[in-house]
Amino acid sequence: MSRASRMVPIALFASLAAIPILREAGLPIGGFLPLIAGRIIIFAIAAMSLDFILGVGGLASFGHAAPLAIGAYAVAILDAAGIHDATIVIPAAMLAAGIFALVTGAIALRTSGINFLMITLAFAQMVYFAAGSLADYGGDDGYSLDARIMWAGWKLSGRGGLYAVSLVCLFAAWLLFRTLTASRFGRLLSAARQNRVRVQSMGVDVFAVQLTSMVIAAMVCAVAGVLLANEAEFVSPAYAAWGRSGSLMVMVLLGGAGSLHGAILGAALVVLFEEGLGRVTPHWPLIFGPLLVLSVLFLRRGIAGIGRGDG
Amino acid sequence: MTLFIVQALNGIQLGMLLFLIAAGLTLVFGVMKFVNLAHGVQYMIGAYLGVTFAGWAGGFWAGLLLASVVAGAFGLALDVVIYRHLYRRSELDQVLATFGIIITLNEVTRLLWGSNPLDMKMPELLSGSFQLVEGLRYPIYRIAVMAAGLAVAGGLAVVVNRTRVGMLIRAGASNGAMVEGLGVDIGRLFRIVFGMGAMLAGFAGVLAAPLVSVEPGMGDNLLILAFVVIVIGGVGSIRGAFVAACLVGLVDTLGRSLITDLSHAALSATTSARVGPAVASMLIYLVMALILAIRPTGLFPARA
Amino acid sequence: MAEPVLDIEVLRKSFGALLVTDDVSLHVAPHRIHAVIGPNGAGKTTLIQQISGALKPDSGRIRLAGQDITALAPHLRARLGLARVFQITSILPEYTALENVSLAVQARHGSAFRMIGPSSGTGPEPMRALDRVGLAPRHAIRAQRLSHGEKRRLELAMALAVQPRLMLLDEPLAGAGPEDTASLITLLAGLKQDCAILLVEHDMDAVFKLADDITVLALGRVIARGTPAEIKANPAVRAAYLGEDV
Amino acid sequence: MITRLFGATLLALAAQQGVVSAQTLKIGVIATLSGPQAPLGEQIRDGFQAGIDSLGGKLGGMPVELTVIDDELKPDLAVTKIRGYVEQGKVDFVIGPVFSGIIAPIVKPVTASGAFLISPNAGPSTLAGKGCSPDLFVTSYQNDQPHSVSGQFATDQGYKKVFLIAPNYQAGRDALTGFKSRFKGEVAAEDYVPLTQMDMQSEIAKIADAKPDAVYVFLPGGLGISFVKQYRAAGLEKIPVLSAFTVDESTLPAAGDAAIGFYTGANWAPNMENAASRAFVAAFEAKYKYVPATYAAQAYDTARLIDGAVKMAGGTDHAKLRVALEKAPFESVRGSFRFGANHYPIQDFYLARVAKRPDGKLQTEIQRKVLSSDADPYAVDCKMN
């Protein structure tokens, strides 16, 4: 691994950790940057989980908003039942998303290429419409949480608390996916992307490898959904909309597929453009759109690939 | 029963509109391996140009002709300037770049024409309705849309099955390397296919303009439907696109009312009021997932 | 005669009206190279695909070392000792030569699903396999940067690493230059110490040099079988195939 | 150390600025300004600005520091943007949003920051009843009301059988519930269409088949435009269409002459006969070159409400402002206007009809009053104090 690719993630985590500290120290960061950074972290977790299956495993899911929304709805449903204990909410969210990925993945993995893209989209759309029909949880209007989740009696009501927890989750996700990618399992997953038939002819059940990776990715993404619900204190079917799946995919590809920390860069860029530049001008797509085109034409490996050459 | 016939007609008509968009998409993807998300933008541009040209040139027909041609030319220009560089890139690169094109052009449209929906007048000749059966009238314009779709389908069938270009398109869809091996100017073939697809999508946009609301982003939802169509039909297959477009059109109209009725019959009133509409909305996705689960490459895959 | 490693009985497969495998029976004995030849469209590739599990036969039976594998998934066939070298070179381009082989070894040990710990460390076996095909000095090179002939060798090393009972070689010499061909033939001839081989190859010189037994297919059916000498002398084969080609 | 010094200096600077900004009124407008629903957000933005302009650029005698925020119709994004805004400094009022799906998540962040949230359009039942808040005011209506107007009208007319259509989402289902709450006849069918549907033909076929006495539709935006065009083309003119948010000034330019004769339930229309309304419409059309719809009128009223309340409270003291706001000390373009106990309006509702003005533009015109001083049914559940 090159030095740059070791330094970049460290720098990223350091600057994300520094934002609230600097704010406490009185720097004029304003209320907006920590808020945006909080969302960058949450979307980075979701995007990184997508990068694991898409960048490493070559499974281009166009429905990754589904586990995000399932995580968020787990929060809503338990909230309505008066349950806010993180040690129940988070495992429940992960379990639900895992089961969803297990069932839909088993069907989706029969296809490949553009058909895989579309069948995963189809499953996410089903989640979207199903969420909209949950009249007890606000239907299409969404559901306002009574309270945020808490852990061992410690309430995540303050901004700082949720931010810290999110950052820890992102770091944990990064460690997890890095370990997985470097492991034999990760090698197999990547090998199956490079040459599915060869891996099969080595006696490996490619289907099982890919399905396992999809379940893991969905479970991690569900954690992002839990955090997103708590950050907004609101849950809505919009979390499962296809635009959201597309946006996660843009984060991964723009950041540099397969690099994991590229997902953080991609999430940062997308959120900064949409929510940062979006504050300055509603015409931000006029800048962001061409940027996407140029990044494809001139950066072959996303932002994380800048300066690394072709190696 | 009359309702059933009308619903079926509506389904076919929606299917024809979808086919016009899906035909270009499936060929571009089949022949060039190019995932063009911005294909829906061509539909939007067609509709906007149609409204504008109809205003300038005084009438629907001039608008239809001019807008189809200009939309096709615009698509070609995009192809020459940008898309051409993406042909040999991965599908995901293509997705990212053409997504960038979508959000840019949606915003440009908003800047040029404003965010308020526009009005397109129906041509005198085709406005009005005729008596389908006693007490039920059907709009002439819809029959015209259906006829246009069928004519294009027929024309494409002739081009694809009977001409040299068509032979190359078929060959390209099943084996691209072979076509190049034949010493054909593949770039020119690509541009013919691309221009044709862009023009058809623009044509569909003008046709739809008097029926729907012309607004920025109007192509996005239709694009998803068009992708559903080409995936169900089997990527690269015109025949598949035609069959799947009719299927999606019919499922979306007939299936929706059927599901609502079924859920009324099978479930209690409150449950069916919740479940029925949700299932109706996701029906085409259920159908697509089901078809792909059974036939992972779609109904009529072009590739062996 | 020892029990055959591969035992195919009255295999039949059709695409629509086209019968591509017409009651084919075939037996490969241990430590022998069995070549399948025939003109284009004879059904060789379809046969290979049915053996490897990519295609399902309409009827008939395939046994590997006595076990019925007719309906088994491809990766399970591989676990029973079926290795494959493809017509178009099939390797993992982003990994080094050593990593390619290591992965194959891990797959055989069943340790490939391990999620914790580094991916390396499979003992001397992968290096030995590379050495066997003459690629040991190139072990640290990314597979996509190897020459065509080296990629072929790497693929053979990967096939060897699963310690197969039977190796399916689908045109292993396709695209190789004269020098590569000569050394590959030597290498292939040595492989039958390890396992039985089913060879599909267009290069007739190579076939007659390597094969112990030959089965000739034409239009999906077996038209002759025997030793290379018998096949060369068979008038039906000469008429249907050799006459046009050689 | 240096950082801390630096920070202290900045804090001091910020505090100074705070003194200055106390003399201006800090107001944020949050509305949907991108995507297909943007025209509604633009009406709100322009209507509110027109309100400020009508008072010489000041509200309650104080200069206004106005920030416009686009919620993009994404609830979580709206929350972030609104939080970022209210946390930057003391905000007095947040005006918005357009849609009920956005108001629920922003109520808490806005009111918790010490600002008032005044909704110029969205009026969900949840916030009218148990979820009502002392710092939330709604200047539009409770969502059920515009629908129940048509229900009442249908009953008044003696329609026996009415066919209902709405989009397949919460507001759509609420709309039909609202209609049915005052309709005594038979419901021929309740037809829910996907929000993204482009084509209404199959609904129209069902109407033709059912032969109802009237049709009630709630089809906002593009859905309504498609419906209006296709309804005329299908030759169903004889069956009257009652509606809400389907034919209004935001969709009429696109729907065209096909919309003439459609009925809509409303609390205001551009031809409303009072001085405040006439002044508003004239000034609005002169500046923005389009006919205002109720969205703009309600936003205009909101600006005038703030003006009156700040004047009455003599400043921006929160408790005094609330008392003043509750008295609704302004002259509404709707004529009679007051707040109920849940801070939702009590007002008259009318049946309006689409017509062509002498200048060729289309607008809705009031036909007759259907409900007088109507209060929403959820107010009884509101226990504010």
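What to note about this one:
Which chain is which? They are A, B, C and D, in the order written, and residues in each are numbered from 1.
Quick note on the criterion: a residue touches a chain if its C-beta (ideal position, glycine included) is under 8 Å from a C-beta of that chain, and two chains touch if they have at least 3 such contacts.
This is a predicted model, so every value here is computed, not measured.
The greater number of contacting C-beta pairs, out of the two interfaces A-B and A-C, is seen for A-B.
With centres set at the average Cα position, the gap from chain C to chain D is 73 Å. A separation of 31 Å divides the Cα centre of chain A from that of chain B. Centre-to-centre spacing of chain B and chain C amounts to 46 Å, using the average Cα coordinate of each chain.
Contact with two or more other chains is made by residues 132, 135 of chain A. The set of chain D residues that touch two or more partner chains comprises 34, 168, 173. Contact with two or more other chains is made by residues 277-278, 281 of chain B.
A complete list of chain pairs in contact reads A-B, A-C, A-D, B-D. Taken together, the chain B residues at the contact with chain D in this complex read 2-3, 6-7, 10-11, 13-14, 110, 115-119, 121-122, 127-129, 135-139, 141-142, 208, 210-218, 221-222, 253, 256-257, 260, 273, 276-278, 280-281.
Residues 179-180, 182-188, 190-191, 194-195, 197-206, 208-209, 212 of chain A touch chain C in their complex. Interface residues of chain A, counted against chain D in their complex, comprise 25-28, 30-32, 35-36, 39, 132, 135, 138-144, 228, 231-234, 236, 238-239, 274-275, 278-279, 282. Residues 52, 54, 73-76, 78-79, 82-84, 86, 90-95, 99, 103-104, 106-108, 111-119, 158, 162 of chain C are the ones that touch chain A when the two sit in their complex.
Of all residues in chain D, only 3-4, 6-8, 10-11, 14, 33-34, 69-70, 72-77, 79-81, 83-88, 100-101, 104-105, 107-108, 124, 131, 168-171, 173 touch chain A in the complex they form.
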